[in-house]
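Quick heads-up: structures coming right below.
Each of the two complexes below includes subunit A, the first together with subunit B, the second together with subunit C.
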Partner chain A sequence: MARSPVAVILGGAVALAVAALILGPLAAVLWHAGGAGWPSPSDWSAVRFTVWQAVLSAVLSGALAIPVARALARRRFLGRGVMILALGAPFILPVVAAIAGLLALFGRNGVLNSALAAFGLPGIEIFGLHGVLLAHVFFNLPLAVRLLLEGWRAIPAERFRLAAQLDMPPGAVFRLIEWPMLRQRMPGVLAVVFAICLSSFAVVLILGGGPAATTIELAIYQAFSFDFDLGRAATLAVLQLIMVTVAALLALRLARTDGMGAGLDRPMAIWTDRPGLRVQDAAVLILTALFIAAPMVLLVIQGLPALVQMPAVVWSAALTSLAVALASTGIAVLAGLALALPRRGLYDSIAMMTLAASPLVLGTGLFLLIRPFAFPGNHILAITAVVNAAAALPFVLRSLAPDLHATEDGFGRLADSLDLRGWARLRWLILPRLRRPLGFAAGLAAALSMGDLGVIALFPPPDTATLPLQIYRLMGAYRMEAAAAASLLLVALSFGLFAVFDRIGRHADT
Partner chain B sequence: MKHLITATGLVLATQAVAETPVLNVYTYDSFATEWGPGPAIEEGFEAQCGCDLKWVTAGDGAALLSRLRLEGEGTEADVVLGLDTNLTAAARDTGLFAPQTVSADYALPIAWSDDTFVPFDWGYFAFVGNAEDPKPANFRALADSDRRVVIQDPRSSTPGLGLLLWIKAAYGDEAPQVWADLKDNIVTVTPGWSEAYGMFLDGEADLVLSYTTSPAYHVIAEEDASKVALPFDEGHYLQVEVAGAVAGSDQPELAQAFLAYLASDAAQSVIPTTNWMYPAVTPEGGLPDGFTDLVTPAKSLLVPEGDVPAMRDAALEEWRAALSQ
Partner chain C sequence: MLTLEALTLRQGDFTLHADWTLAPGARLALIGPSGAGKSTVLASIAGFLDPEAGRILWEGRDLRGTPPGKRPVAMLFQDGNLFPHLTVARNVGLGIRPDLKLTAADRDRVSAALTRVGLAGMEDRMPGSLSGGQQSRVALARVLVMDRPLLLLDEPFAALGPALRAEMLELVSALCDDTGATLVMVSHAPEDAQRITGLTCVVADGQAAPPVDTAAVFADPPQVLRDYLG
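Let's turn to the complex of A and B:
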């Protein structure tokens, strides 16, 4: 099916729909404003800060992910499966919950500062640029690890066996086998993390410690809500789009798509081991596990006591969120597959744009577009499902595309010679080899949709709510403990969805 | 026959709809949730109006005004409820509001005469902390102390903007210096009230910008008297929340009746323990227990609404310059 006319047309149609979903509302806001506005000097400093922290966050997350992913790829240990699964957790954590977890670990009354104080050592301060970076690494390091781990998995085990037979030192293994894979995957990983951090809003403001840490999204908020300058808000939204698109295109250019060649799909084995490597891998894995697990454990401790007396509305909101999440997973996976199959860079960049879409501008634009025909508040759950699906698309694509390329590069000629085309090629060659990334992608899409507050915050329906909205409502009504418990429920459900889909994918080992 | 029954049903249904006029009240989200005043006010008003009150919600007061501006003349709102005195000038400028005719014996700390907006509750911004901790008595003492405070961003939060105007109203040209002195006390700036208040409860800060009425929640709902508001001797900034009828409404009488109901004892007695603000008219039964021993500022500060737009832009620049260094 890949590169068949049907695939190209279908992919093109989906790409067009995604572009319309992002650009249509933007155009509506511009039209309503009667033209673009010019950003103020403080907006420009917000743009500079946003790019700077996003670049730092991407580089840090990507660099730290290399040793972690490699250690995970070459070691077999008890709990490895659990660790890989748990790596999905931080990324899908709702922002409120993640900040609470990080503060419980690194905050003034946090575990770390209490421990330091017990030893008579000075405390650490989390607020500032380093706090923002810490949070962004916490969110994105696991994502980067998962994406790179798939890269290591895609290297045929025969390569490493050959390296072991030739008694290659680790440096040579890295240069000859791992570097080409990283060269291919890393630009995409960096671009995704950069784009995520570019539109980060609450994390940056809260942990950044003050107005010096102002992001474009807050500048948009100010232009819109404080100054009611729609033109300026739209201009800033366009700037954000351009930056992410440039990053995506740059990533595509840098990522050389020469495949690893095909192997026999043997699981990777430990090749020539050295004690130094063993210690290094153990240290890397233990530190990562602590960094990822500690905030989550603290969240559980905080939320557990109030879990028993949660208001009934929380449960109904949880059901609503589940329905929305499943609907948007279906949309995201089908659309992602349609975009990935034609293997066109342009489609990839279009999907990446959704990462940079400002929820405020998107929501307002949708409101302006829908308002003449219907009351947006009446259809907010459907709108939320579609917008959440679009937001998950880049991750779906990012996890599907490399394996699709590898499959086509490795087996495409054989399939061609067998005249395996169209649906049959999809059914017998591509889907079986994509089951693992498909499961991962569906899990991510479901969990992200579950945890995302999204556009519903702009049109909160009085008679119903999603779980994230309900958490904000509880907090707004002073019910912080109930909110903490509801956050825990949200984390459990998001992670549960992710785990189920991911497990389906991973247990489909060929 | 079957078609006839269906047709009759449709006609009856249409008549039933026609007989029950719908009053669209735009408000902010927390007002209409099950913990807010919304449900009780809806029930009370529907019992007397023979109408269907429908809440349409936006995120907060500022979002409410934005929504109204986006919809313009075509808005379906009959009443807009939840603007505050920092937004009324901009709201008035839209020209979308009708004159109001409600008269009531308001218990506001200032004289209220407004031909457009009806006040329904009010409160003072204040720093809230723990009862046993040191209590700086003004901004300068706070700046000199080692107290850690968490505040909200004026660009995205109502209390955040309130603090900006509070310091500007109290200190005028010295406001930038006050902010500069406060800088090392400010732990961080959050997008909204909820995040800041949650961080304070978790012990991340000693003080949080909130309302003098916040301790009443802990006393009444949690029987916890450990939270107190700090009285500041330069006075406290006042927030009055108002509602107004929309001029283009197809239910002008109902809209006015709703504004009158809002100022009535039935609605006002619901406000304190649902919106955690002072009611605009003291209920016949008096204020609830937790409200009677709250801090009452010696002086109320309020920037006249016409001066707000220019003042907040200048104050925002000063705030940003002082805290960005």
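Let's turn to the complex of A and C:
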């Protein structure tokens, strides 16, 4: 199949730039630390906990996502579009705000424990491993559902029509039509969730901690902020990079990318139904909606009263964040497309590497690299946009790659025989077929950047702030109502950006 | 003139040999059991499979190294011959200019081709809203505007009913009359070969035999063809 040499060169250049962005700062940290020491027993225990909680988080999120995505794919009901949109919400909720919502529901003095106490039942404990898992599933179940839903959509409607015609029982539909799609997509989904949870920081900082529940990421933070022990941080960062890179390479090897065949874009067929299935789907959807919505509703109840009297700095921070998010989205989508188009496993792996890059390590490395030439705080907004774009790259690629493969598998030969190459192939074949995942990817990139509190927290600029940093400062000043209100604004902005981009992408079929 | 010169094709363990020439304007059916390599022959002529040995020549020119889109070939596949996200007019227009920068004259050619295949006024329809027969006609309209001297059909009408398939083959025949194109088509059905092709190539046992007169070969089939026909 024809791969334009321009695409390969462009993709290679972007891959090099991404690799330099990730490895450069790491090298700077290592060099500054004068070489890393051998991991201590407590480092190994952090490794074990990190892997264990990430495995559990990925398996729980992936397994629970299957019935939810399937119910969403095959049901038409009032509010379905809203629910699909809302499933993006936990992922784009700023982590600190989301945890506040979860604590309001599941925390020691939360709604659930109050209700349990009212009935004389023992309360549940949110701190420790199961609290971390709860938060990780809250964040990643909806992501897994969205990614799998893309998979269901990529199954040609003709397959389901044929199944209906053959009066296939639901079990056979699953085995013959849906399972092959899941087998193709699930390794990628698990890999993404696993990697996210490997480098999860704020969740573990708030809900974990202590010798029994410390991740590598948290250990890095402690090495930096308590001891400024760059050597130990570098050792931990190397462990982190190795683990996630290995995980990513394994997942890429496992991921199947054979095309599902070319369909003709007919609307999904309605097939013979079973009453039991309707009940099951309804229950699954209602439970999911409750799990996702309740913490956000509680956040609204807390933040809404203070919304009218927010300080002016919050509004200027919001504008700054919007600019950073849009710049970051542009970089992430263009770079992601450049990496995806040549369809090379190596480029994929390099993009996945950004998942392994701890924002803390990256930030420190960039600080060490830039400090000889300029004060990093002066360029922190540009650095934030670039680092956010790099962080979004794996999601952009995960969204684009399957449909890109399906497009090339289904239509590549026809395009080749018509001499459809280069720009024309991009314009008339690939971009129209990728419209949906492109919109989704842009939405993710924008929202992730909007809600990110990473590099900028290490080197806060004195005279300006992004909205998450401003919230962090309000929290630090114990202005909790203002912080909740600003969180609400941040949620609205993240949500709005995601909705706009995703809608552009999905416009075609609604 | 199409020449397969001491050609050996290999796909995994499977090999196929061919060594023959086809005169300009000829119409050839490749016939033989499933998996015998009929589609492999077409794929190699179209440029999707490089020969293991030997050469494929068009008008005496070796086609090796020429990408599929630059060969003197228009090809219809078993399925997926239209882009579902493009209108009928754009699908046809791709045959004139792959970048779809169409002039008014180009658009007139598209409309004329659609009229020729019986789809006048269907320019703005999407492929998904057309019947199977109409989709085949759109693909044939594109073949018409591509105006390539060699037409390869890899059973694009297999999903259509016998009457519709016959109708499409008549249309193909008429289009070849219009353009003087050489036709090579894969077929499972002997009646298709007898209907429009003067020549038949039996593909079996790792050989694509030299073309012979269709009427003669069916009057006295060789053993491999006898086995296939049952």
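The rule is short, and it goes like this: the second predicted complex is superposed on the first by the 496 of 510 C-alpha atoms of A that agree within 3 Å, B and C clash if a C-alpha of one lies under 4 Å from a C-alpha of the other, contacts with A are read in each partner's own complex, and residues count from 1 in each chain.
As a working rule, a contact is a pair of C-beta atoms (placed from the backbone, for glycine too) under 8 Å apart; a residue touches a chain by one contact, two chains touch by 3 or more.
The structure displayed is predicted, hence computed values, not measured ones.
By the document's definition of touching, neither partner reaches A:P67: not subunit B, not subunit C. Once the two complexes are laid over each other on the shared chain, residue contacts for A:G12 go to neither subunit B nor subunit C. By the touch criterion stated above, A:L414 is placed in contact with subunit C alone, subunit B being left untouched.
In the superposed model, A:P180 makes contact with neither subunit B nor subunit C. Contacts of A:G231 after superposition on the shared chain: neither subunit B nor subunit C is touched. Looking at the superposed arrangement, the partner reaching more residues of subunit A, out of subunit B and subunit C, is B. Once the two complexes are laid over each other on the shared chain, residue contacts for A:G345 go to neither subunit B nor subunit C. The residues of subunit A shared by its contacts with subunit B and with subunit C come to none at all. Considering their complex, residues 2, 262-266, 410-411, 413-414, 416-421, 423-425, 427-429, 432-433 of subunit A touch subunit C.
Interface of subunit C with subunit A (complex): residues 46-48, 67-70, 73-75, 77, 79-81, 83-86, 90, 94-95, 98-100, 126-128, 146.
Contacts from subunit B toward subunit A in the complex involve residues 29-30, 32-36, 38, 55-59, 62-63, 65-66, 69-71, 76, 90, 148, 153-156, 183, 186-191, 193-195, 197-199, 201-205, 214, 217-218, 221, 276, 316-317, 319-320, 323-325. On the side of subunit A, the complex with subunit B involves touching residues 32, 42, 96, 99-100, 103-104, 107-109, 127, 201-202, 205-212, 218, 221-222, 224-226, 228, 311, 313, 364, 367-368, 371, 375, 377, 457-462, 472-473, 475-480, 483.
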